[in-house]
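What follows is a set of structures for review.
One chain, chain A, appears in both complexes that follow, with chain B as partner in the first and chain C in the second.
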Partner chain A sequence: MQARPDPSIFPRRGFTARFVQRRTMNASSRFTPYLYVLPLLALLAFVFGYPLVRIFEFSFKMVRGVDGPWIGLRNYELVLSQSLFWESVLHNLQLLLAIPAMIVISLLVSILLYERVAGWKVYRVIVFVPFVLAIPIIAVVMKRMFQFSGPVNEVLRWLGLDFMALDWIGSSDVALWTVMILIIWRESALGIILFLARLLSLDESLIEAARLEGASWWQRVWYIILPQMRGVIEFYAVVSVITMLSAVFAYVYVVGGGRGGPGTSTVVVEFYIFNALIRTSLPGIAAAASVLLFLVSVALIFPLFRARRLANEQEA
Partner chain B sequence: MHDFTLKDISRRGFLKTTAGLGAGAALGAMLPSAPALAADKTLDMWWWGEQELPGLQAFVNSSIAGYKEATVKAMLQDTAVVISQFQTAAAAGNAPDIQYLWNGINHMESVWFGYLRELDGLVNADVVTASNPTRLSHFGGHVYRVGWYPLPMLWVYNKKLFEQAKLDPNAPPATWEALLDACEKLKSAGVEAIGGGIQDGYWSEWYISHALPQNLDSLGEAVELFIGDKDFRDPKYHEHWVKLEELKTRGFLNKDMSSLELYPGIDLVAAGKLGIGQTIGTRLPADLKTADGQLGIMTMPLYGKGKLAGVPLLDVQGLGISANAKDPKAAAAFLEYLHSPERLKAFWDATGWIPSNKNFDTSVIKNDTVRAMWEKWGLGQNISNVTNVMPGQFYERAAIPTGQQIVQGSMTGEQAGELAAQTAKEWRDFNPDLVEKYRKWAVDLSSPT
Partner chain C sequence: MNVAREPRFPALGGSKAVKAGDALKHGVLLLASFLALAPTLFMLSTALKSDEQYAVDKLGLPTAPVLDHFRAVLLDSPFLSWMMNSLILVVGAVGVSIIVSCLAAYAIARMEFKGRQLLLALNTSLMAVPPIVMIVPLFVLYSRIGLISTYQGAILIYAGLITPFSVYLLTTFFRTVPKELFESAHIDGAGDFRILLKIVIPLSAPALVTLVVVNSLYVWNDLLIAIIFLQDDAKRTLMAGISVFQGRYNNQVPLTMAGMVIASAPMLILYISFQKYFIRGLMAGAVK
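So, the complex of A and B:
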């Protein structure tokens, strides 16, 4: 039997006392959650908000050293009128071409692993290794392999494929594609792991039922597996777009000899910003280019997430 | 006897004890520490160079240990932040007393910002002159650096390969025609004639350092190219790129030049796989060992008509005193100490390399080629690296890419001149405030050296 509480502990109170208590509790309970998250908000504002505000501010100044005079939109005019900036933008856009390849490769490999080919657990570890290694390390190794007299061309020449032995990192026509190969190789590892995780959570009875109904491998993939993976594929695509726009600096820096070269053939917007800030002492220009990159990234990413939300709503 | 326990501490007692300890700690902090009593002056020194001259750290350590006039706290800087770290600290009023300074525009910008002190009347003039801070450290008639160690820039060739091509190993080509002839003979002998590695861009910079001055009368004339008084489209100012194009079109450059970096490219000469290349003096002692002494050195063969044509090229790394220095005289005294005869010898012992001082006793240099190099490049007439007067924007956008594109065959020398002129204009648009500073600097750079 449950014990009843001692009435003396909870004395009855009058209406006024209850009203004041409720008002006080309502007011405090309304603000209490905000108080709990306030330190974190303050930290986020300091870590992300303050630099963002400063970058916007710098983009309107001719900064020399740590500050400078206000010059309105002049930095934006200079950036947008410079051919190198547009060349950099074009290179970023070219890198977006890698995303379909990354998705297809990741899907194929992850489905093959899901089919539990012999030794699939070992393969799973091997394909993820590139993603665990630091980009500069694999980029340096790949750079050596792709030198004109390096192992890749040596093998091609040995196979009698001399016409394919290109100057992979020394030719302006080829260097960006070499960077792209490296990016596809490394970034696909993330796709494989994401896709495999999703595959392993699928209801296998559906696939088994399709198999019993006589569906071919391709039909099972196309009609059963892929529709259920739509969400994770979209997520990976969004992450990859962000990567191609604002997280390929390390690849370009190493493969392009620290210069975005040969010539300016591998300069991307991130590298343009780095050069403006570090090598040419133009923080205002770097800030203006950063703001443009930020705005473009936001403009691209929000519609993607919105499309995803609409798709989810339709599915529901 | 009553045993003392924590329970015996009253709140008042606790507060008293805490306040007493706090006051004691504060007083202690204000008292001079033991080392400070030994030398009541403290100097902060930010330096760089171990990265390019191993052994420099040992020299700095021994210099600090042996210096009794002040306590010197040294910090080795990362390559990427040598300039920005100093400028940021200087803007905040926290710069070190002594700062490592690369030559030319790499420290001149800090001069223009007011972050460096002029050394006239601060450091002994004889020490400054003997250290050869170079003309590039002068602005408005004042000097801002003391030289620390030199970087002779030269051309190197493999004597064995010259013999193989029936060329005189002791008579390197002195003119452009002689160079083309030598390259032809090397090529005929099955040897890759000339080049190196340009993938990281530095070969391109070095090439301009050797070649552009051939049509200049002073380094100030180079500055005029950037401020718009002269034009890279004028054939004499892009002839050096036309010459590079000639080496490319005649098939004299090594085939993997575009995919090799600078130092692996120099290795090819020492290893007997490439006839002629560019190098830097600090590499010479080790490369001579690799090549069993079969390396020869030369200046770039002549084609130009300028007063600077054929003059050996010598860059010098240096040290300066920041405007924030609390005791500039103490900082100056330490710089003078680094140039004392005993320290100059210690420098050689620690690094195996020559300190930048004309009074250095060269008898300690045992290798004839290295001594000959120092006597010609270091003690004779020399000029500074012209790329050190280039604005960073020009360096990145024109100086480096032009060489790379000519070497891969996607740009002509004339197109390189066009790009250079366009980039110089772009720099003026981006930096209207610096153009006048450069114009004033050109006056110092045009003075007789």
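So, the complex of A and C:
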């Protein structure tokens, strides 16, 4: 190692010796870091910064084309007084019911995979498939499978479950539940991926010791594995809440035939915004609804960070 | 199915109870596997059926496989040009994002500067903002400056949306590169850019492959940005294309399924050929 300059001549503490050395070598290096992050700043400012400022502005304006006059809270009043908006909010909330099912399925499959039953690697490749397939493709395929005269109902009738053979896609009472089945099917794969990653980092000796002590499978899962997975389960739950409230557009767009149908039975908030912006050309209304959705997602960022920290701490 | 080479728990395979438990576990996993594959199997077998066979037999295997539907999809609908459009967006957006993220993550992980923590925190928060929120102002802006239905316009948005996660992942990874490597390279007179290019990036190849996988999947599979910002028929992506396609041939299920087989083939083939990278990518991407 070279001799380093005496750190005491530099007033600020916390500089690493490496940096001190670099600073003495090259005065312009003070600006180098900013040069490296400049492209990032520019990109984020354009794709996130600009829209997040303008969205608030637009929500107070009657935008026709590219701009328009200020109208105060009129857009918000309009959105909040529209029954379609509240219906779409309700649909997003109904989708939250899928989360417990997703967690149970993901836990069961990931723990079984973790036990490395014969062929677990093949099973793993297969159960990840739903997450590799694109949502629109899956939605198109499932839509055909769940048609009234489709294969799903054929199987149900063959099993003697005629009362279960519903009009999955065409009935406005059932369509959103069909979307939910589709979401559970795909998002559980994400849960399995996440949980398995966590399980593979567990200390196996503890589980092995419990086994040798005569603990049953349930006891091992309940008392040893699950407590160590609390962090990752919580993280998955929060991520899923964010998904259900703000990232289900592709599912409902295809299943609802691009109209949120049948009727308005599969309209979600994202689709409401899409409709206001593209179909009815009312950017002001779309902006007001976007602001409301943004505020909800900001409120969810804190539990998300907390859960991620908890998950990381447990892992460490 | 017996490909597992991993060490199994030693206590397995003893008593009858254990064997019954093992059978149950296989049962559950087989059921899960069947459900995971059912849409793919349905799609494949239906695509090979004639319309006549599908009308009477929805579940069985194709008795006399026909390839007509595949030919019809490839010849009569613009599937290949949709795929090309999607590919252009993937390459453009993932490329831009990787360059921007490498530069920024290197500075955040390895340099001291004012606002570093703030930038990282800001960047990480953006991962939780739903894309739909950004769409209204960008759409209005793009309409004004003529960027609707342009590759560069869509690439910019996609690159922006995938970059926060890339920076997050790369920063974490770059921090694990041993400090001594940087110090000795500095002493040898290498500049920051050379260090990034010659030391950090080669050492980070696994993380970069992971990122390419996760981000390509995101861009390739996206529907929301695609239908809003690429409305021109000639610029339509695969995902936007198939949601139009399926509506048009609503009653021709085998034809539709042939389209879906073609649409899902690239990712499925990549997944099967590069399982290791995909599984690692998915596991890392899950943290998103």
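In the analysis below, the second predicted complex is superposed on the first by the 259 of 316 C-alpha atoms of A that agree within 3 Å, B and C clash if a C-alpha of one lies under 4 Å from a C-alpha of the other, contacts with A are read in each partner's own complex, and residues count from 1 in each chain.
Note that contacts are C-beta pairs under 8 Å (C-beta built on N, C-alpha and C of every residue); 3 or more make two chains touch, one makes a residue touch a chain.
Quick caveat, the model's predicted, so the values are computed rather than measured.
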Based on the superposed arrangement, let me know which partner A:226 touches: chain B (first), chain C (second), both, or neither? neither
Quick check for you: in the superposed arrangement, does A:278 touch first (chain B), second (chain C), both or neither? both
With both structures placed on chain A, which of the two partners, chain B or chain C, ends up touching more residues of chain A? C
Between chain B and chain C, whom does A:208 touch in the aligned arrangement: first, second, both, or neither? second
Should A:262 be classified as contacting the first partner (chain B), the second (chain C), both, or neither? first
In the overlay, answer first, second, both or neither for which of chain B and chain C A:310 touches. neither
One more residue to check, A:167. First (chain B), second (chain C), both or neither? first
Does chain B (first) or chain C (second) touch A:90, or do both, or does neither? neither
For A:66, decide between first (touching chain B), second (touching chain C), both and neither. both
Quick check for you: in the superposed arrangement, does A:254 touch first (chain B), second (chain C), both or neither? second
Overlap of the chain B and chain C interfaces on chain A comprises residues 65-66, 149-150, 257-258, 278
Which positions of chain C touch chain A when the two form their complex? 1-4, 6-9, 11, 21-22, 25-26, 28-29, 32-33, 35-40, 42-43, 46, 58-59, 96, 99-101, 103-104, 106-108, 111-113, 116, 119, 122-126, 128-141, 143-144, 156-157, 159-161, 163-164, 167, 179, 182-183, 186-187, 192, 217, 220-224, 227-228, 239, 242-243, 246-247, 253, 256-257, 260, 263-264, 267-268, 271-272, 275, 278-279, 282-283, 286-288
So in the complex, the part of chain A that touches chain C is made up of which residues? 2, 15-16, 18-19, 21-22, 29, 32-34, 36-37, 39-41, 43-44, 46-48, 50-52, 54-55, 58, 63, 65-66, 105, 108-109, 112-113, 115-138, 140-145, 149-151, 154-155, 185, 189-190, 193-194, 196-197, 208, 211-212, 217, 239, 242, 245-247, 249-250, 253-254, 257-258, 270, 273-274, 277-278, 283, 286-287, 290, 293-294, 297, 300-301, 304-305, 308
Applying the document's contact rule, which stretches of chain A touch chain B when the two form their complex? 62, 64-67, 78, 82, 84, 146-150, 167-173, 257-259, 261-264, 275, 278-282, 285
Please name which positions on chain B make contact with chain A in the complex. 80, 83-84, 87-88, 90-92, 109, 113, 198-201, 255-261, 391-393, 395-397, 400-401, 404-405, 408, 410-411, 426, 429-431, 433
